[in-house]
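Next, two complexes with subunit A in common: one pairs it with subunit B, the other with subunit C.
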Partner chain A sequence: MTSSALAFPASGAGTWRQHPLVVRYAPIVTIVLALITIWYVAAVLMNLALVRGGFEREETPYTVSELIAGTMSAERPLLPAPHQVIAAFTDSVFGYVPTAPRSLVYHSMVTLSATLLGFALGAVLGIVLALMIVHSRVLEKSLLPWIICSQMVPILALAPIFVVVLGVMGLQGLLPKSIISAYLCFFPITIGMVKGFTAPDPMQLDLMRTWSATPRQVLAKLRWPSAVPYLFASLKVAITISLIGAIVAELPTGAEAGIGARLLAGSYYGQTIQIWSALLASAILASGLIGLVDLAERLVGLRMGARP
Partner chain B sequence: MNPRRLRLGFILAAAGMLLGLVLPPSGRVVAPLTERPILFALTVAAVLLFAAAAWTGGSRAIVPGIGALSGAVTTLALLHDAGIGSSAAAGFWAMVLAVWLGAALCVIELASRRPGGGTSRRVLNLAVPLLFGAIVFYLWEVLVRGFGVSPVILPAPSAAAARFAASLPTLGQDLVQTFVRGVLIGYVIGCGAGLLVAILAHRFAFLGRGLLPLGNFFSALPLVGVAPIMVMWFGFDWPSKAAVVALVTFFPTLVNTLAGLSASGHMERDLMRSYGADYRQTLTKLYLPAALPFIFNALKINATLALIGAIVAEFFGTPTQGIGFRISTEAGRMAIDMVWAEIALAAIAGMAFYGIVALAERATTFWHPSYRT
Partner chain C sequence: MPKLLKPSDPGVTLRPDRREPFVARSEPARMNKTAKSDSLPQRLAVDVRDVSLTFETSDGKVDALSNVSLQIAEGEFVSFIGPSGCGKTTMLRVIADLQQPSVGTLLVNGVSAEQARLERRYGYVFQAPALFPWRTIEKNLKLPLEIMGFPDSEQAQRAARYLALVNLTGFERKYPWQLSGGMQQRVSIARALSFDPALLLMDEPFGALDEIVRDHLNEQLLQLWGKTGKTVLFVTHSIPEAVFLSTKIVVMSPRPGRIIDVIDCNFPRDRALEIRETPEFLKIAQRIRVGLRAGHSYDE
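And then the complex of A and B:
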């Protein structure tokens, strides 16, 4: 990785090198290319034994180029080559109708709905908790330490219990997963919003008092607006955690649909390409969701008079 | 909280305890409270203490505190009676409500106090959340056993604690497998690699400009999803868990350390240059110390991420031990008390890990403004 990245800007000073686009994107492109190259090399090296074994079992003579081609197109490789992953991904996205159980769109939708519901629940819970903590000294002293402690606990370990318990109580499908997502993602929102609600400095609070504003007015006109930047920063963290929660919640219980279920099925049957395309789908989902929160942040910022 | 409401609350609590003496404690026929001398004495003591608290306006939290404690002991002892557990009735619940009210008022009273001294403030800051937690656990215990909630849905904390104590050897094995082998090794590898790559990326700006956005992107991805692949590559035993942990902890370390390495100011860098310090000296004497708060931030984030990563990786296959393995198999067998015992273990391990990292941070970044009071 380092060598190819370092070779690039070594000598000469053409004007195009100072172009802001080049300065900004050339390093990223270089490193992505280096990573892809490493991936291909690793794919060849890791699948070599597998493919050679296959050839030798069938006792067909083989050349080096055949061997390398074999490592790029093995059915169950240890590490599939990038183009195999892309091909499998596009095939499972566009190759089936979106409701077919083999379609990745279907599985992504299952996970996405759990993520969004969990995110909404977690955001509401997080904001309500923050409001309660900001307005009550008792809660701040008694509840906040427990909320912070709860994050040192590997909460994902609770996922199977939730799913099992809620299953016993007759709840299945979307809700248990969403509850796990919500449980995971409320924390950054609570902490962020407590910071945000307490962000106005004493001068501003005093000013509100000289206007004899009620606590509700202080909240609506001072605390909320000053908490908005904190809100979006924490929402961005929360939505990725929410996605992780939804995926992991599908793991220990043998869910039938969803990205986690695809991962689990892929690992049971050794379908590596399926695992990688499910991972690709989750990456796309994650960046899409963050993009959406980013967009919302910008729109709200414009409404509130921020300069673009 | 104003004194009148506090007084009213304590009167209500005393009345609740009295109701417990009068009303039947269970739906079935059991001996009334008046025929159990010790519990009767405790209840009367609780009534008197709550009444005393109401009299004095609750200015001393210790009086109603002892009242709530004796009430809590009474209700817990009553639950041991087979006739009361799972079929508790009005008298019992009146006492539970009274205990809850009394204890909650104590917490409120304590929390609204503003002590002057440093030690007493610290004690108070510790006592309030602990009391709050004790109330939550008490209610959990009483509700589960009073209503006879099926242990499949939610075991009482005492049941989980008993299971914890009874299966210490198993828990110890699981801890070693998951925590010592999987988490610690992976954590050291992941954080170490992240640190080294960050130093390289800081040294060579081109690399840094490329790695920073990628690192930000990767640390937002659900990386635990690579667990099945790692299990396939490294087998069922701890190396696959360590690999997942290393991968999960790598990117937060990279991003945070990069931010920290560029945190030193122009003035300090100029000073190092005027001393004629070479890169290695500048790194060890300026960049790394200045980056320490950021690095510890990453280490703390990673402490929880690492445990989660290892447990999730165990859902995909393990030798027959480990916290994640035990959780998923015992959840499948509906042995929920064992699952809770494992969770308590994971919680203790997680908090201890976090605590050690936080202590190390205190010891090495004592000079940072956020620690100077």
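And then the complex of A and C:
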């Protein structure tokens, strides 16, 4: 942050550079502008052949500026320009009532509910598994290899199997998606919480023993609080994974709604702009969810006397 | 009672030049409780008979304790001194039932070490304060009380009383990181005393503190001992600390861990730091050194 201030030693005219807003946001804005520029250049280059082909097919003469303008306004470009994505995004977010099937808000909510349910299931499963592993060496040896194996099979291969099996059992809609999402996201929580539950200092464990505390008391008053930092670190990983899980689960199930369904429909019909605006929606969802976990972590930290 | 530090100050630290008393001075130290009982047969707080403890390590067996016998009467202040690896900490851990002897018998307050632990007969102070960082000072003090199921009102009452005893009233709502190392160790002593055990086991409690703070805490610990009448078992590797604090000094030697010498040390209970300059004090310190040398403690 301060590197820009260091790069330009205080010259009389440059006082705006020391303005706190500038110091804080200039690096972020610079990166964003650079990315957008790269994106535009890439859009021009990638769509060039497409647009030129279009002009030549219609045998209309064209200028360079027309050609470049065309690369940024094609209906089905290989790579849509940023403003096209933004326009499509705002249109599908604000252009319809949130319950309409063309509204991106509607699709985001469908995916979000599967994500949250999957995340909750995954968190409970992850913590329960970690507790079992920590409390029994036999369970550690018998469970851990399976837990690791479960993550080595690609979810894209597993998801249809899940959906079929659960469909036979009469489960449809939200739950199969949530289960796939939970299947993906419990893993970092288990690994993190095993580490967390074994984090207490041997001295603290000895102290509990001198007070002849029961195993349950040791868990409640020592192991749990010690594991809280590990819990939040793994929850942050898990919540993005569970979003990905929910989206992936929508792909093979032929879901009618959800961000995954939008992605699938977009790729069927070559609607690249629609794909990109769905991606933008999922990115916004993911950062919102991480932000929520972050906020929860800070609130818990305050209650637990973390250093400011 | 002068209070030089305001507890409300954020990040107050204990400065050697403005030390506040470890024990509130307003209460008189009890001096001559056991003086009269010297002649009477006393109950044994700790009775160790022929205890040995062998650790199996990757490079063979280690004799942490070898045929150790020791009787400690109630109300005594016993220091264990010796070089690293002489088994003094192991000795304390065996008494606390944190480790089990390979052979031998051990009675704490007339019952087995395990029974004594289950009945919460002792408080243990470790080298580090080992406070729980997510709990305030008051809640740290209440932790053993919560575990032992004291009623809420009594928890609060005891926390207040024992914080006052180590003169940390006003720090209830601070978190451990806001206190200096010496203050944290005082909290851990108050915590060990909070459920009123008969026995106080201290494993180099001041080992991590600088000498100035340590001298000060030594004085205050003596006052605390005088006031509470607990039996104290105190592990150290400082000769002056051992002589200054104790009624009895147990000199130990490594490989195998054994007792070389037991020295009685009968300074008056309200001794001051100045006795460290007296010939009697130096004589006992000399005898410890001789004992340590005889046990080959200074060998490489």
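The criterion applied here is as follows: the second predicted complex is superposed on the first by the 275 of 308 C-alpha atoms of A that agree within 3 Å, B and C clash if a C-alpha of one lies under 4 Å from a C-alpha of the other, contacts with A are read in each partner's own complex, and residues count from 1 in each chain.
Here, a contact is a pair of C-beta atoms (placed from the backbone, for glycine too) under 8 Å apart; a residue touches a chain by one contact, two chains touch by 3 or more.
All of these numbers come straight from a predicted model, not from anything done at the bench.
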Touched partner set for A:Gly305, first subunit B, second subunit C, both or neither: second
Which superposed partner A:Leu222 touches (first subunit B, second subunit C, both, neither): second
A:Ala213 touches, of subunit B and subunit C: first, second, both or neither? second
Touching partner for A:Asp201 - first (subunit B), second (subunit C), both, neither: second
Contacts of A:Arg137 with subunit B and subunit C, given as first, second, both or neither: first
Residues of subunit A contacting subunit B in one complex and subunit C in the other: none
Residues of subunit B touching subunit A in the complex: 107-108, 111-112, 125, 128-129, 131-133, 150, 152-154, 200, 204, 206-211, 213-214, 217, 220-222, 224-229, 231-233, 303-304, 307-308, 311-312, 315-317, 323-324, 327-328, 331-332, 334, 336, 339-340, 342-343, 346-347, 350-351, 353-355
Residue ranges of subunit A in contact with subunit B within the complex: 2, 5-6, 8-9, 23-24, 27-32, 78, 137-138, 140-146, 149, 151-158, 160-161, 164-165, 168-169, 240, 243-244, 247-248, 251-252, 259-260, 263-264, 266-267, 270, 272, 275-276, 278-279, 282-283, 286-287, 290
Residue ranges of subunit A touching subunit C (in the complex, touch as defined): 201, 203-204, 206-213, 217, 221-222, 225, 228, 304-305, 307
Subunit A-touching residues of subunit C, taken from the complex the two chains share: 96, 98, 117-118, 120, 122-124, 126-128, 130, 132-136, 143-144, 146-148, 175, 177, 195
